[in-house]
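Below, chain A partners chain B and then partners chain C, in two separate complexes.
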Partner chain A sequence: MAILHLTKRAQPRRSDTKRAYLFLAPALLFVLLLFVIPVGYNIVISFFNWSAFGQRDFVWFENYLSVLSSERFLNAAGNTAYFTMLVVPVGVVLSLIVALGFNALMFRKGTGLLRALYFAPVVASLTAVAFVWLWIFNPSYGLANTLLNGLGLPGEAWLTSESQVLPSLAIMYVWARLGFNVIILVAGLNAIDRSYYEAARLDGAGPFKMLWSITLPLLNRQLVLVVSVEIMNALKLFELPFVATKGGPVGASKSMVTEIYELAFRQDQWGPASVYVIALFVFLIVITGVVRKVFTRDISE
Partner chain B sequence: MSTRQTPARGTGTTGKRVHGPVGVRRSRRIQQTVLTVLLAAGGLLMLVPLIWVALSSLKRPDEILSLPVKWMPEDFFNVGNYVQLFAEHDFGRYMLNSFIVTAIGISTSLIIALLAGYAFAYFTFPFKEPIFLLVLALFMVPQEALVIPLYLMVSGAGLTNTYLGLAFPDLFTVLGVYLLRQFMEGIPFSYVEAARVDGASDLRILIRIITPMVAPAIAVFVIIKFLFTWNTFLWPMLVAQNESMYTVTVGLVNFAGSEFNQWNLINAATMISMLPTIILFITLQRYLVKGISLSGMK
Partner chain C sequence: MHFKTIAATSALVLVGIGLSGCATSAPVATSAPDATSALSADREATITVWNPQDQWRKTSEFLENNVEAFKAQYPNVTVEFVDVPYGQYEARYVAGFTSGKNAPDIFMGQVSYYGGALGVAAEAPEDLQMLFEENLTPVTAGNFKIDGKWFGHPVSTDLGMQLFYNVDHFAAAGLDPANPPKTFKELREYANKLAVREGGKITRNGMALRYSGSPTGIADKALPYIHAFGGRMYAEDYSTAEGYLNGKETIAAVQYMQDLAQKDRVSSLELGSPDDTFAQGLSAMTFREGWYEGYLDANAPDVKYAVAPYPEGDAGYPKVSLLFNWAWMVNERSENKDLAWEWIRAMSNPETDLKLAKLEGYMPVWSENFNDPYVVGRNDYIAVEKQLNEGPGPAYNAPYTNQIAIEVGQAIEAAMRGADVEQTLNNVVVKVDELLKRGRE
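Take a look at the complex of A and B:
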């Protein structure tokens, strides 16, 4: 019976191909409109001296050379990289700790409510998150400095200090994203067969040994997902600096995407802006490639 | 410790409900209580920023800029800030625009995803695997980064300041295709087979038989899509050039820029922008959580 079922499914009907592509047509059209054409278009623009007022001069690699050697690009790329290196490890480790906590919790009653507390910030837009924290970090009326002063400590400059601005944005970001990752990791932890732990316990393995040799390898898929999504979202950082700091102070929180916006839509430099886009894609591809490599090696060990 | 655990050996395979001697049980109960307290404390800490904004949104202009900073508003029913935002500013309009754009995005992407999911689940055709892998790979493309060509395309088509233009990048979502295909593959093929034998067209099978059966997946998708579309900012900021077309995120940023330091109003506006997603979250939390965990399970 099962074999019959399989063969039937595998056997294509004559009209299938035409019909399938008919059903797929709208999706493929939008893949073309929203991904394929834009990527190609973006590459084309990157070779032009392109203005919104009609100028279209083919300039070969001039945009690439001028952008990649510019102070401005290095600043934006450096800020974005620094931000990513702050939020990804901190965000992933924190959400892993919380997820392990939920997983170790035995009474299931009320866990939903407890989990909701962690998830609540996820529903807020990053625009709203920026305002929430702009007010918390307000130097004179904000909660952050009020609490510090209450503890007898001096207030911090937070978003208004060149050295603190990116860590402050990282706090906002980790807060906003934590619940999302917790849910994915908890789902992954729930799927792990308990008998592995029983077997390991009989072998005398301690909790850290179990975490290292059972939980993390079996959570590999969710960890890769969480890490890659986090990297992607961190690299396209835009709303938080755009709203909360306008890229300041002195450009200390300008990101790749705020510069893309600034160059194209404010300064009419579409060619250089599209070079930033391509650089962003290259970063993304390289970094997620490395992540996948690292995590697959982990599991084979 | 090892000697105490020996009695548990017999029940080892039944899972975690191992009833050890009294000492173990008590220490486990203490452990669990500590864990719950820690998780609850962390959870409340996560909530503090939202509570702080909610409380601040109820303060009067003079109250919010007075020192020392107080937690509580003097009048918990002071909704004057909210009234002002709707009466003297255009927040009603912004909300309406956001709802329209979100509705367009949800319905279009859902229909496209249903059709594509059906094709992947119930048809055999050449290049099926590579096409599906291509669609999956688009998961990792940050669409926001493609604003330059997308904007040139949309403005070239004369779609700036239109709802269609505002919804354009949201008309299709890879997640929908993936989610619906997963659910449809779970439905026994015999349903489709039997209907085909009866002479039903595939479109009819999709509408009459499959769509009702994947209702939970549709619910999950609609909620996640609502959240993402409602919260977008960069794209609507570029495409909505007239204030009458602002979505709520754009309206919020624009308003805060013009009402500098009116923090009572800015906090209330932030609350307004979050209200629909918070309500959605409170009422449909189960589906949302399910959707996110599903997207993490491949």
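Take a look at the complex of A and C:
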């Protein structure tokens, strides 16, 4: 009987471990100060009737019960989820189309300028974006309705309509984020070995087949990154409704983060605000984990 | 083993930090100077003044350079102005006041919230109580007091809504521009004649309604309707909104607003804000405060408009009632509280008040300035005169009035869009009563 001698894996020396922690210490300190402690403090506050100016009464799970069963929470959560479901597929697909376009451009001259133009909105703050689009979407003199009227179509209510407000905010958001995602996807596309396409072409594969069988699988990591980042950013929707719509009309654009701001800074109700924070945090973790699990593929084959 | 130790230690640290913040105490109070000690002219200090109003930036520059009496008396005291962007002022104020050291000494804020709810604003000293009581216009005085005590110098009295109407639209509709509507019944009739509808859509408002944007703004614009019909937001003693916000008078007022939009179809919920649409000639009538005159003159010089007093409702003329009671206040916990009140004393005079009013285009605060040609010569003076003669209306100074206004504004917004008025107001009464209760605690 053959005896298998398993080589004992070498254990790291204690001095190596200490050195590793020393190198990590500054970063760990930042994580501790800027993440762990605030999250922990937030959890503590969620069990209190907490005012920034004095009152601190322990109320057990009262905040959780009142917030999670409230219409206000369901409205904000629903709006946030709906907004995310709008912007992520649209934003990612549009980014992919534009990235494929850049990648396919025969003449490389001028693509730098085009890329810069696509990236420009990313540099602007979302607050500035909101102000610009407030003007574009103004029902009486905005550019959007002026163009529609010019085409013989009636103007729309845009941000002043309950049914149109979230799609309008989605347009603003996708416009602002498109360039960033394009840059990531273009980098991913540039890294794909051209020989795969050559081989596929020789085998008689058409453009769609190549896209489906080569491009998308080899772009998987970048796509998962883009989708994950977009989901996280969309769930944290704040600046656009805060500036452009104040959460209206009739609460139709209130998001989880605008409600956190409202409860904490306008109503001095830090306990319920903390519950919103925790709910959003848990949701973010779960969704991000699910996305990575479902969409990440082993591309070795 | 190492990981477990680190995790356990971190958890203990977190709990410790969390519990250390749980003491039922206010932020550390800085020691205020003895009230009886005289202020030395040699005193060296820096006092900071925070101004959060984007539309009143000239005020900061003016006060920085023109409070000469204070500079002469305290040459070694520096007064630093900080303009805080309006969009983030609530967060900045919370961060500043809770930090203690980074709080302003003087700040512009709403009396009911910062003085009443949060308790960070100081009550004015006795001499200023008398000065303000004797000299500031009584029409709006009640809005700047808590339990009868002044908490700061009002920034502007902003005497409430007036009727702005487009003279050309009146003439084109066969209406006499010299004879604007004087009652709500007439307003509705005029609006029907002035509205323009094309293809089922309103293309010109007969009467512009504030139907979107900040809910507090919606509530503010709805209050005169509510008062004209004899309603109010909540009881005078802040005990409840039941029977007031959902009383038959308030319901009638909000129903009137809904009817303008839904039944009569003279007010569009799509054209845009009243300020914009009136300036563009897309609204024939709108309600706005007197400052709107300056806005129109600067931005819409081609619009021929006139100003008339607010119409009368079933309960008569809706007297002046301010929802936003902005005042210059002193931080209760300021180390330089005495100096801050000295600065307030130095700027509390009719000359400074009038210069500021002219600079910013709003109404003055001192009674004697209402006889000045700046006020008497305004296009809206006929409306101003009525407001002064009619006297003060309801004062809403419950500690969480701003938050109450948000809830009320959202309810009125829903009602204008077609929600059942009585049901909507019944629902919001519950939320308002909770806020009133919080304010009493």
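Assume the second predicted complex is superposed on the first by the 269 of 301 C-alpha atoms of A that agree within 3 Å, B and C clash if a C-alpha of one lies under 4 Å from a C-alpha of the other, contacts with A are read in each partner's own complex, and residues count from 1 in each chain.
Everything below uses one rule, namely that a contact is a pair of C-beta atoms (placed from the backbone, for glycine too) under 8 Å apart; a residue touches a chain by one contact, two chains touch by 3 or more.
All values derive from a computational prediction rather than experimental measurement.
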Check: Taking the superposition as given, does A:Val290 touch the first partner, chain B, the second, chain C, both, or neither?
Finding: neither
**Request:** Look at A:Phe131 in the shared chain and tell me whether it touches chain B only, chain C only, both, or neither; answer first, second, both or neither.
**Result:** first
Exercise. Applying the touch criterion given at the start, work out whether A:Leu74 contacts chain B, chain C, both or neither, answering first, second, both or neither.
Key: neither
Query = Given the touch rule stated above, what does A:Phe48 touch, chain B (first), chain C (second), both, or neither?
reply = second
Q) Taking the superposition as given, does A:Gln267 touch the first partner, chain B, the second, chain C, both, or neither? A) second
Inset, instruction - Using the touch definition from the top, say if A:Val243 reaches chain B (first), chain C (second), both or neither. - result: both
With the two structures laid over each other on chain A, which partner does A:Ser140 touch: chain B (first), chain C (second), both, or neither? both
Winner on chain A touched-residue count between chain B and chain C: chain B
### Query
First (chain B), second (chain C), both or neither: which does A:Ile37 touch?
both
Is A:Arg221 in contact with chain B, with chain C, with both, or with neither (first, second, both, neither)?
first
Footprint intersection on chain A (chain B / chain C) at 17, 37, 41, 45, 127, 138, 140-141, 243, 261, 264-265
Chain A residues touching chain C in their complex are 17, 32, 36-37, 40-41, 43-45, 48, 52-58, 127, 138-141, 154-155, 157, 159-162, 242-243, 245-251, 261-262, 264-268
Per the touch rule above, chain A residues touching chain B in the complex are 5, 8-13, 16-17, 19-21, 23-24, 26-28, 30-31, 33-35, 37-39, 41-42, 45, 98, 101-102, 104-107, 112, 114-121, 123-128, 131-133, 135-136, 138, 140-143, 146, 175, 178-180, 183-188, 191, 194-195, 197-198, 201-202, 204, 221-222, 225-226, 228, 232, 235-236, 238-239, 243, 257, 260-261, 264-265, 270, 273-274, 277, 280-281, 284, 288
In the complex, the residues of chain B that touch chain A are 2, 5, 9, 12-13, 15-16, 32, 35-36, 38-40, 42-44, 46-50, 52-53, 56, 64-65, 67-69, 111-113, 115-116, 118-120, 123-126, 128, 131, 134-135, 138, 140-153, 168-169, 171-172, 177, 189-190, 193, 202, 227, 230-234, 238, 249, 252-253, 256, 263, 266-267, 269-270, 273-274, 277-278, 280-281, 285-286, 288-289, 292-298
As the complex stands, chain C meets chain A at residues 2, 10, 13-15, 17-19, 21-27, 87, 90-91, 94, 97-98, 117-120, 199, 201, 211-215, 269-272, 276-277, 280, 282, 400, 402-403, 406, 410, 413-414, 417
